[in-house]
């Protein structure tokens, strides 16, 4: 079975979870109250852990692929790594790829925003991941199944935590409700991409490794309806959605994020830290 | 005459003017009103022009130095450049040096802030540069004299423009006065460094190339007093001052600035743009 | 004079290529059309500062940083001329800005695409400014005097920008494989949006007839688009790159390049607010305006104080 | 009981190493001293998140990013235990935070230095946490029960952090010349501020006597500082680095390292607000607190609505 598509799909998840962790950890030390500073940091740590597992798996897929397959994957491998003369590692993938090689969904690269933005983004993404990981548990791919099993508990907590916050802010003060609605206006157009499979994703679906993400749309909408009702929020009517992240076309925010995150590895390539 | 100190002094001015330009240009497209968007952008462009002249001069000092001198300068030269096998150029100095190799005064690396912060910082720095460039005109070093001559008119405009804005905000509304006072509380401690010569600066003074920057303190204070009086601002009492920039010890803001500014050159070293 | 006489007088002047000036009588519709068109153009300059401004802090050399900043600054200048030209028609700059921020006034949809790599700076100069010039050069002879004079200044600078953009791409196209890939990718992303800048096909275009008659407009959308395609199809060869259109082909009989079908669905989608950056751009403009409010108020308050003081001293 | 009897009773318990608990009688001065000390310690944990937090987004590997985030999070946890311990003495967390923000309460001056390179993360773990542990281990046996129990948890985690910090420096010290230079530079910058963390020399130290008697404090500043110097002077050899003190030398007779004169002027300067980052740190804390106000209010409002609704349903 060709592994290029599985490799890309794994990267897509790895990139998305990395950026969730990266953005959430911008709150560390700056949270609205100590307990929530700790909570959002916990979630950031969970995402980072997931992304490490996924990058490690992606790296091993590449390292173990036949040379013909590697040629196809090379478009997504940092050019600089080739000069290192060693196996591909998780950090090469996270810190040396260029922007167009990142496959995360756009949702995950958006700037941190205020607390309303963060909890709503977390709610949308964890409601999606919850379904995904629950299915991944049963994947024919053992590694993805193991990662799903490890992660589903974490995401279930993230979803509960963020649902509660969405309700709290929606049904809190006038200001918190307004801020949540503003966040919704900013984020909503980035949710559609979650359910539209990229070309490589369709192939992984056909291979029976994962389910078609379109199947997650219905239960996701149901969850959104339920929580929004309690949060006194209107579910936006179907509208135009942003896309491109899964194919490496990103928002203008992405370049800044990478410049900061990758700076040390770019300045001192292949050093040990 | 040894050129290492002159090289470092030139870098110090080059770095400081570059960062003034870099920070000011963050306003481009975001100014409070179109005419002032254009004005602050003009000032940014003037600073960039000055920094290019200074970097070019610094690079030529290095390229033409005897090997023994080069060894002393190497601490401030980007390591990566050595592998390029060509003469040192202005962009190597701006885009490939590490943070501790930058010698700009701390004042110039502070985040953009609001309009009050920007105009006050510009006022403090151009009031200093005005004196400096006026003397540089007569420097025994022909290159510095030429740069001084070219720049003094520009800075004279910057000083007039920023003085007018300081007065306007100080004697404007209650809010603008408060903001200007907040800016003053943030910036004042970074003004002392302008007048304290670094070790290499002292040597350039001894060589008779430049005047002792301590001599600029008195006229600078006089200018500040004059403008502050019209701006209804109190001149802060003498207090503790920050320092370190001229020796390569920077604030926490510096790393972020460089990560962004240098990203492309770090990612694609020695490419032509 | 009766309205009919005034109208005839007006049209005679237009036909004789005499410029209409602010104090001259003009039909209400002419005035409205001009206000809409000039302010839309001014807004485009101002919003257009954002996608390019996005790369100022990251420009890869000091020289390129200077060039880019100066270019964005020129756009501010164009905005200024154009707002002034529109003001001669009896609308204030603040009113126009308010219309931009409320979404009532439009600006060129091209600026609702993101600038993702450095090569986008070159591609914008070459393709976007290139298309803009095609549209704008005829406006230097437009019937309304202040507009025509503003456009003469704008066009001079724009064609300089276009050459700079092309030169910048030329350098990249002679660079590393990564730089070449960057250029091709930028062309791929900017090509179709650029040729959409000429607006809908003539058959679907509203307002064209009156604008032609009043010499606000002098060539149709499709005419200008064809000129642009012909020009770029040649220039792209110098870059050793390709345009992302398999149907692009020289047509000997027509003496023009044929080209593929435009995705009008995307065009209308972006026009109606659904481009990748519509919200981001307007939010950025509104933010700058709101955060500048206290500065404008302070400047006004100070100016008033000065006037008052001078009066008191005089008294 | 008379106050004298109560005081004797209290001191007997302290002397017998029986922990004082929140409901026990205690001298007013003891309570005040504890509130000041514990809240100052809690504030130090919270402010201490900032210099390390500064490198989270830029950590050079995923593993190091995790470790760093987890460490900063632990500091938040320590802040939480300590605020809780202080609250048992009759002050609220909000009151303490208000004292921090107004400048009335202090925090450890060490956090007023900037973190300039990645090696600072290791140096803070090794030197700053190392000095903190020296100070804190004796506090695990401090006379006030809640404080003592909080410190047991804190110390366990802190010593883990210290080992991690050292390990991180060890990796860098085996790395490239640039990494080694980074380590030496970090040690040069953090060494003196670290040994100042033990406070003034015993002769100049106020409050020490009463604190000793009440067993809030168990060793003098100079005793602890000497222990720290002895420990670090050995450990630095493993890094193949040096401490920036030409007078540092093993003294066979004393069985301790001698070390150079501390720059107390710098110490008092930083304590009194003039460190490189005093304003920056407090501004950052105030900003987080102010920007979080609407979140805290919303949470409170929602909780009240819930209670009300439950009551209405019950009725």
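For reference, chains read A, B, C and D in written order, and residue numbers begin at 1 within each chain.
We take it that a contact is a pair of C-beta atoms (placed from the backbone, for glycine too) under 8 Å apart; a residue touches a chain by one contact, two chains touch by 3 or more.
Because the structure is predicted, anything quoted here is derived from the model rather than measured.
Of all chains in the assembly, those touching chain A and also chain B are C, D. The interface with the greater number of C-beta contacts, when A-C is set against A-D, is A-D. Remark: chain C and chain D have CA centroids separated by 58 Å (rounded to whole angstrom). Chain B and chain C have Cα centroids lying 35 Å from one another.
Chain contacts: chain D has residues 58, 178 touching two or more partner chains. Counting partner chains per residue, chain A shows two or more touched chains at residues 98, 255, 259-260, 263. Taken as a graph of touching chains, this assembly has some other topology, since it is neither a line, a ring, a star nor fully connected. Each chain pair that touches appears in this list: A-B, A-C, A-D, B-C, B-D. For chain B in complex with chain C, the touching residues are 18, 21-22, 25-26, 28-38, 41-42, 44-45, 48-49, 51-52, 55, 90-91, 94-95, 114-115, 167-169, 171-173, 175-176, 179, 260-261, 263-265, 268, 271-273.
Remark: chain C residues 46, 49-50, 53, 56-66, 69-70, 72-73, 76-77, 79-80, 83, 118, 168, 171-172, 174-176, 178-179, 284, 287-288, 291-299, 301-302, 305 touch chain B in the complex.
Taken together, the chain D residues at the contact with chain B in this complex read 51, 54, 58, 114-117, 178, 185, 189, 269, 274, 276-277, 279-280.
Contact residues on chain B toward chain D in their complex (touch as defined above): 79, 98-100, 185-186, 189, 239-240, 242, 244, 249-252, 254-255, 259. Residue ranges on chain A touching chain B, taken from their complex, read 98, 255-256, 258-260, 263, 266-267.
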